[in-house]
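What follows is subunit A paired twice: with subunit B in the first complex and subunit C in the second.
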Partner chain A sequence: MIWLWGALAFWVAAVALNAALARRAARYPVLRLVVPAVFGVTLLVVWEGVVRGLGVSPVILPPPSAVGARLVGSLPVLWGDFVQTFLKGALSGYVIGCGAAVAVAIAIDRSVFLQRGLLPVGNFVAALPIVGIAPIMVMWFGFDWHSKAAVVVVMVFFPVLVNTVAGLKATEAMQRDLMATYSASYGQTLRKLRLPAAMPFIFNGLKIAATLALIGAIVAEFFGSPTRGMGFRITAEIGKLGLDMIWATIAVAALAGSAFYGAIALIERAVTFWHPSQRN
Partner chain B sequence: MKKLVTGALMTAFAATGAQAADDVTLQLKWVTQAQFAGYYVAAAKGFYEAEGLNVTILPGGPDVAPTQVIAGGGADVVVDWMPSALAAREKGLALVNIAQPFKSSGMMLTCLKESGITTPADFAGKTLGVWFGGNEYPFLNWMSSLGLKTDGSEGGVTVLKQGFNVDPLLQKQAACVSTMTYNEYWQVIDAGLTPDDLVTFKYEDQGVATLEDGLYVMEDKLSDPAFADKMVRFVRASMKGWKEAEANPDEAAMIVLDNDETGAQTEAHQKRMMGEIAKLTAGSNGALDEADYQRTVEKLLAGGSDPVISKAPEGAWSHAITDLALK
Partner chain C sequence: MKSVLPILTVLGVIVAVWYGAAVWLNAPWERDQAARAGTELSVAQLLPLTMAQDRPVLPAPHQVVAGLWEGVTGQAVTSRRSLVYHGWVTLSGTLLGFVIGTGLGVLLAVGILHNKAMDLSVMPWAIASQMIPIIAIAPMLAVVMNALGASAMVTKAIISAYLSFFPVVVGMVKGLRSPDAMQLDLLKTYSAPASRVFWSLRLPSSMPYLFASLKVGIAAALVGAIVGELNQPAGLGARLLSGSYYGQTVQIWSALFAAAAMAAVLVGVVGRIEAMTLRRMGMAR
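Then we have the complex of A and B:
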């Protein structure tokens, strides 16, 4: 019972503290980072207190302390999974998929024929369920990370394609006319005017794809994989009721996903510094 | 004492006459198929009803871990394999085997003859398909008893986490895949390979078989006389269903088909499966054979660097239910 009351007391105190900090955030910018940190810590403490206080079985929900201990104790395993799933599967799929999508978007932009023919096909591919594609990709590309990368390519292709196509249409007729008066070629107009103008759109697609890539790589591992990888770990540990390990894997995936998204957002800020949404 | 309590309860039921049926929820280990025919037959033939039970049968699937379902209170009794049940017990989920309708293991490794494998000694350097999620223990055990490493190092075997199909074998991505005598083996045959193309190693023949498809309940609930009495009646009716299914496999297969809500199963497949299942349930009256249990525990303890369980479990099985149910 002491755990439950303790958690409750901590929660009340932390909310009061956060409210006070938030009021002062305007004066001390550093507090803008402290407030979410306090919130996160509160969440963990309340989780720990409730799980211990109510005696929840660790096979239903392990306390964060157990997850943390497992995380620290299994670093080599988790690192191996991270390399397999994130660096090999998700990242290579992401680069190939996004690269292809941008290239195809430019091709579509040049040709009315492709516009009519390829966009609907892209739409169709995007609607394919991952549970349907994954086993087929395992058949085609083997059970190692290559098939996971292929699933990721299929998943990230469409959002990036649609956003890039929309972005390439973002310039105004007046701007294009100006380029024409300079007698700029298609390639020059593309490089100097239209691609830069399309960047906010392309980055939108890239950010959506960033989260999709990790999900795709993990889920694809459910359908055949070598004995490493985040998706493998989750399916293997569920049979042993190693819930602490599953949560540790989830924590790694969440951290990796957030960091990936953050990195793309940072690049976006550097590339589209001129865009109104990036100005403070 | 237990007999007295049960006896008193029985009298109480008889005295009150038309009592509302007791609810029992059974979680299966896999999707609706002839592997669980006994339970469906018992339900269809009214054996449960006759025992005053209202049984709900929940089908499982690749994303359902029976241990997790019972831990969350979603079922009273689950069908599971002993390795996963004992591993869960060591993790603090006190599961108890109350009955063991399956005497033999249906698990085997099916290999392509062209891969050059004729004996288990030829596994070294090959890729083998294994199911995970609790089904990998007998395999890991077997490999450690053969002295083969499974971590991908030199001289060992490469393990492929296989989906619940036989594609890796058909595409020659693996030299061998895991199959059940009653299910995936026939998928290989249906895919166009003949038994002559294949070499099979039954876990049973290799001496590494572990107990499959037992009935497990939570230990703390078992000490409740009312619950124990429900389980006695449940096991009695279920075993009646199993023996009925064994005797009339075709009829049992049709009952299973009637209960398959997904409509994914076919008549030919289920009849064949029921024929194979009958071989596995033959020789079991439902009571757990202690020698089989001991063998399973020894196998699980001897897991090399990564044993499934680290110490011999205490109280992981009980004859209390079957003693009453089968008298």
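Then we have the complex of A and C:
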């Protein structure tokens, strides 16, 4: 009971604190980071308190402290999974898929015929449940990380393609005319004007693709994987009811995913520093 | 209309490439068989063989169409071999999850709009929660829900709801904040209370944003349902996994195309509702 009441009291206190902090956030910008941090800590404390207070079995929901202990205790295993799923599967697929998408987008941009024909088909394919192709890719490329990379390539291709094509259209006629009066070639216009102008759109696609990449690699591992990798770890631990290990894997995946997204956002800030959305 | 020809051309090229790839990928197996039998295959003999294998590496388009046709009409719709049955299982989970996710998303957006503390604290975590490959915890969720006594449908509906709620939150928050200062000032001069501002101005002007999010959300809900079915006995996701276990490529491709068609229909239905609603509201362009 003491755990439950403690959690409740902490929750009420944290909400009151956050409300007070939020009122002052306009004056002290640092509070914009403090408020979500307090909220996150509250979630963990309430989770711990409820699990202990209600005596929830660790087979159903382990407390965060147990997950943390397991996370620290099995770092080598988790690192191996991380290398297999993220560095080999997700990251290589992401680079190949995004690179191919930008290249195809430039080809589409050069041809009106392709633009009319390929884009509706691309939009249609982008709405499909792409994770469904995982079994096919596993069948073609084998159980190791190559099939996971292939799934990621297919998943990230269309969001980046659609965004890049939209971005390449983002220049104004006046700017293109100016380039024409300089008698700039297509390549020069592309390099100096249209690709830079397309960057906000491209990074929009890259950020969407960043969240898809890790999901694709993990889900593809459900369809067969070598004896390591995050998806393998989750399916294997399910059989042993090792829920604390699964939560530890999820924590690693969340950290990796957030860091990846953050890295892309930082690069975006450096590349598109001139864009209004980056300047406030 | 002028884009019909380009689209048909692109589709034609895709089908042609597909046939070519089917021949190319399936030929090694046929050559292998022929070599074992001690015979040599001519190209004319090879081509039809590669398009009629039982377990091709890549089934030819007409095999997939035949598989779809067989799955839809080959047996009673209640049969466990019927794609209609599995599709219905997936669809019901998708729709339930979509309704839950949309409801929660709209509620959360209203909370974020009216509560500064919630805005500052929930939004970063809602974004961070989407970094968690939430569909990766689908198998774990199934075990937990089983222990709590929930049905298989509720399990995948939760995953669907989780995936569809985020686009709705983002779109709805943006939509509810879309009225400009002039409109808000006008209502202030009428001394309208906050509730009136919400019902008469903010909610109507959020509709285009909401529908844009709903189209993303329903496609995400379908993905969630399919992934949620990977450890369940029925549904398109289960078809995909069993096809993968038994090497039934045609079954995988048929299930995939059934899911694709379902996604297209669902997005189309949301689009129709959007067009109708916006026209009734006088916002159609």
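To be clear about the criterion, the second predicted complex is superposed on the first by the 263 of 280 C-alpha atoms of A that agree within 3 Å, B and C clash if a C-alpha of one lies under 4 Å from a C-alpha of the other, contacts with A are read in each partner's own complex, and residues count from 1 in each chain.
Here is the rule we go by: a residue touches a chain if its C-beta (ideal position, glycine included) is under 8 Å from a C-beta of that chain, and two chains touch if they have at least 3 such contacts.
Note that the structure is a prediction, hence the values are computed from the model and not measured.
When both complexes are superposed on subunit A, subunit B and subunit C clash.
Residue contacts after overlaying the shared chain place A:F232 against subunit B, while subunit C stays out of touching range. Applying the stated contact rule after C-alpha superposition, one finds that A:L241 touches each of subunit B and subunit C. In the superposed model, A:F223 makes contact with both subunit B and subunit C. In the superposed pair of complexes, A:V59 makes contact with subunit B and with subunit C alike. After overlaying the two complexes on the shared chain, residue contacts for A:L128 are found with subunit C alone; subunit B is out of touch.
Ranking subunit B and subunit C by residues of subunit A touched puts C first. In the superposed pair of complexes, A:I250 makes contact with subunit C only, with no contact to subunit B. When the two complexes are overlaid on their common chain A, residue A:R176 makes contact with neither subunit B nor subunit C. When the shared chain is aligned, subunit B comes close enough to touch A:G142, but subunit C does not. For the superposition on chain A, the stretches of subunit B under consideration are 256-264, 274-282, 292-300 or 310-318; the one running into subunit C is 256-264.
Residues 57, 59-60, 135, 138-139, 222-224, 235, 238, 241 of subunit A are contacted both by subunit B in one complex and by subunit C in the other. Note for the complex: subunit B touches subunit A at residues 62, 65, 67-68, 71-72, 84, 87-88, 91-93, 132-136, 150-152, 158-163, 165, 167-168, 171, 173, 308. Only residues 15, 18-19, 21-23, 25, 31-32, 35-36, 38-40, 43, 57, 59-61, 113-118, 120-121, 124, 127-136, 138-140, 211, 214-215, 218-219, 222-224, 230-231, 234-235, 238, 241, 243, 246, 250, 253-254, 257-258, 261 of subunit A touch subunit C when the two sit together in their complex.
Contact residues of subunit A toward subunit B in the complex are 57-60, 135, 138-139, 142-143, 221-227, 232, 235-236, 238-242. The touching residues of subunit C, counted against subunit A in their complex, run 2-3, 5-11, 14, 25, 57-58, 116-117, 119-125, 128, 130-133, 135-137, 139-140, 143-144, 147-148, 219, 222-223, 226-227, 230, 236-237, 240-241, 243-244, 247, 249, 252-253, 255-256, 259-260, 263-264, 267.
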